[in-house]
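Got some structures for you, see below.
The same subunit A turns up in both complexes below, where it pairs with subunit B and then with subunit C.
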Partner chain A sequence: MRIDVRDLVLRYGETTALDGLTFTLESGKIYGLLGRNGSGKSSLTSVLAAFRRQTSGEALVDGRPVFENADLTRRIGLVRDEGEAITIGTVEDALYFAEGLRPNWDAGYARSLLETFGIPPKANVKAMSKGQRSALGVVVGLASRTPLTMFDEAHLGMDVPSRQAFHDALLADYMAHPRTFVLASHLIEEAAPLFEEVLIIDRGRLVVQEDAGTLLSRGVSVTGPVARVDAFTAGLTVLGARDLGPTRSAMVYGDLDDTRRREAAEAGLELGPVAMQELFVHLTGGPR
Partner chain B sequence: MRFPSRLLAANMVFALLLWGLLLVGVALVAAGVAVFGTLTESTWEKGVQLARWYALFVGVALVREYLPMYVAHGMTRRQFGAQAAVTATLFAPFLAVLVAVGYLLEAGAYGLAGLSQTLDRAHMFAEPTHVPLVLAEYMIELAAWLVAGSVIGAAFYRWDGGGLLAVPVGVGLVVLAESAIGTELRLPFVSRLALGLDVPQSPAVTAGLGLAAFLFGLALTWLVIRDVPLRNRPA
Partner chain C sequence: MFDDRSPIYRQIAERIKADVLSGTLRGDEQVMSTNQYAAFYRINPATAAKAFQQLVDEGVLYKKRGIGMFVSPEAPEVLRAGRRERFFTDVVDPMVAEARAIGIPLGEVIGRIEELEGR
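What follows is the complex of A and B.
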């Protein structure tokens, strides 16, 4: 499902959570939605899933406003930490309602995911551990097979193997049933391999929207003697630098063409990749 | 609109379970009174007052638990509102049937034991075996308690503490329905406080006021939830 967001504003009283966001997401991709705490990620997904109405601007899915639009909302799923889609009675009760409400519900797939995550079907949802509740949210989110599926910090409380199982299941299901995924996560390095395109928002505004590979290619680490690194990076956007004795490693943001790369090699400088998390930290203003 | 089969079924199954437990509890109390004292009144009449509080709870849960779940599963508030209204419309009569069956079972047991099933409170019915009147009274009463719960639950869900302002509205709905069936609202621990209106008793007035309280409660609930945002986790 295609998403068009135009001048989107959401306010909670005096607080502006979304401040004029504008972007477009084409259908059939896995998008990473990154932002710091309070950046507006949850507000954005809430509006896109019609959990709440925006203050102004437009949130369009397949060209139509999403709020109270039954034809759209039945094809949109948002799983978030609040757990409203699953917090009812036992695990079986939660699946009973999901099956009745989701037109593309795959009961067999849901059962296999329960086994993958080791979730007992008779367990009371409210008595389950945080990680198990998150895993149940993942089960419901994936088995609903909604054309637009969003996970907002759906991994909270899950241990490393469970998170890995979640990412593997998501990728496998995406390959078998292509659709649009939006993943909001703080665990950037873990989730980054899934992302085809990345949106970074900060203080309710769009900072970057880019193909994941392109974004990573814009970050380059330049390592070598301090003076040579400084000379090479003069005039470039330097995100940060670390020194180890006489050696400096500077992170540069921007395209380095072949000529510049040759110059670096001739100067004895080493060029390397920068992790998405590093780019994220610096693109959102560094430590606060 | 799809029929709310799962919403209704889930609540009916749970109500049946509670009804069974209440039956057992009431039977044990009645047996204890009969063995150690003198049983002269209907025990079910007293025990079944819990049904009003259960109806209130279901009304609250419809908004507090089911509305967020349905919206999270892609239903609009309008669709959920319609399903909840149908559920409330059918669930109150269902509870009334359970109450009436309880009276009949008690009548049978008292008859076998040679006991008198005397009623302690004012009712639309003179005998617990007057099933149509038993159904009518409890249907009106339980429907009003259910929508009172949904109004109060919706207000608390939307405005947190501001929901307190909806409590008098819920009480008003219940008082209207209790007055329609010729009784008063008596609350636990404040038995001296009896709220009621002096309403002329006739089948038309009773049915009209009962229906008005129910529909007014549904309408108020809809006004609160029609664009309610799903709650975020407290920061």
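What follows is the complex of A and C.
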């Protein structure tokens, strides 16, 4: 499903959670949604899933306003950090609910995912551990096969093997049944290889929307003697620098062409990659 | 080769090239699909597709519509020619620089090469 967000504003009383967001997400890609705590990620996914109504601006899914549009919302899934939200009854009851709500529900796939995550079908949802409840949220989110599926920190409480199983299942099912995924995660390095495109938001505003590979190629670390690093990076966007004695490592954001790369090599400077997590930290203003 | 960044798609492309050079993958043989690579490396299929596109552009792979990707019959020769072209800048120049940096006379290096040649 395609998403068009225009001048989107969401306020809770005095707090502005979304401050004029505008962007478009094409159908059929896996998007990474990155932002710090309180940046507006969850507010955004809540509006896109019609859990909340925006204060102003537009949130369109396949060209239509999403709020109170049942025909759209039954095809939009949002799994949040608390995992499965329906906590009355057993795992089977939760799946039964989902089956009634979701037109593309795949019961056989849901069963096999329960096995993958080791969730007993008869277990009482309320009595489940945090990790298991997260995994159940993931099961429901994937087996719903909603054309727009959003996972907002849905892995919270899941251990490393479960998160790997989640990513494997998501990729396999995305390839078998292409649809639009939005993944919000603080575990950036773990999730980053899954993204085709990345959105970074900060204080309710869009900082970056970029192809994941392009974003990574824009980050370059320049390492060498302080004076030479400074001379080379003059006029470039320097996101940050760290010193070790006479050596400086500066993080540059922008495209370095072959000529500039050759200049760096000739000046004895070392160019290296920058992890998405580092780019994220610096593009959202460093610690605060 | 000023670029020491190594995105995943490039690592995949290098792996396929290495398999072609070693003969593990032969001319006109089909390579695994984008989706199989994506699942194996846990990456977005678009990233895997980028590696394949790079190899098609370089003449290492060709596409059969609706079937998949195959190794070009001339791929081993294309890759060897490319490596020959870069051999002196990629292998010999850094070796000479290293020898100088640690104080090995170039005469000794040449002597060693001649010794290996004679074996």
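Keep this in mind: the second predicted complex is superposed on the first by the 283 of 288 C-alpha atoms of A that agree within 3 Å, B and C clash if a C-alpha of one lies under 4 Å from a C-alpha of the other, contacts with A are read in each partner's own complex, and residues count from 1 in each chain.
Methods note: contacts are C-beta pairs under 8 Å (C-beta built on N, C-alpha and C of every residue); 3 or more make two chains touch, one makes a residue touch a chain.
Predicted model, so just to flag it, every value in this text is computed and none were measured.
K.L.:
Clash or fit: subunit B against subunit C, after overlaying the two structures on subunit A?
P.N.:
On the superposed model, which is not a single observed complex, subunit B and subunit C fit side by side.
K.L.:
Would you sort A:Glu210 into first (subunit B), second (subunit C), both or neither based on which partner it touches?
P.N.:
neither
K.L.:
In the superposed model, which partner reaches more residues of subunit A, subunit B or subunit C?
P.N.:
If we count touched residues of subunit A for both partners, the winner is B.
K.L.:
Does the superposition put A:Asp62 against subunit B (first), subunit C (second), both, or neither?
P.N.:
neither
K.L.:
Which partner does A:Gly272 contact after superposing on A: first (subunit B), second (subunit C), both, neither?
P.N.:
It touches subunit C, and subunit B stays clear.
K.L.:
Give one of first, second, both or neither to describe whether A:Glu196 is in contact with subunit B, with subunit C, with both, or with none.
P.N.:
So A:Glu196 only meets subunit C here.
K.L.:
Is A:Arg74 contacted by the first partner subunit B, the second partner subunit C, both or neither?
P.N.:
Touch partner of A:Arg74: subunit B, not subunit C.
K.L.:
Does the superposition put A:Val220 against subunit B (first), subunit C (second), both, or neither?
P.N.:
A:Val220: touches subunit C, not subunit B.
K.L.:
Please state the minimum Cα-Cα separation between subunit B and subunit C in the superposed model, rounded to the nearest whole Å.
P.N.:
27
K.L.:
Which residues would you name on subunit A as touching subunit B in one complex and subunit C in the other?
P.N.:
none
K.L.:
Using the touch definition from the top, list the residues of subunit B that touch subunit A in their complex.
P.N.:
Interface residues on subunit B, with respect to subunit A: 5-6, 10, 65-66, 68-79, 227, 229-233.
K.L.:
Which residues, counting only subunit A, touch subunit C once they are in their complex?
P.N.:
Subunit A residues touching subunit C: 29-30, 164, 167-168, 171-172, 174-175, 193-196, 212-213, 216-217, 220, 258, 261-262, 264-265, 270-273.
K.L.:
If we count contacts the way the header does, which residues on subunit A are in touch with subunit B in the complex?
P.N.:
Against subunit B, the touching part of subunit A is residues 42, 46, 49-53, 67-70, 73-78, 81-82, 84-89, 93, 96-98, 100-102, 144, 146.
K.L.:
Flag every residue of subunit C that touches subunit A in the complex, lowest number first.
P.N.:
Those in contact with subunit A are residues 2-9, 35, 38-39, 41-47, 50.
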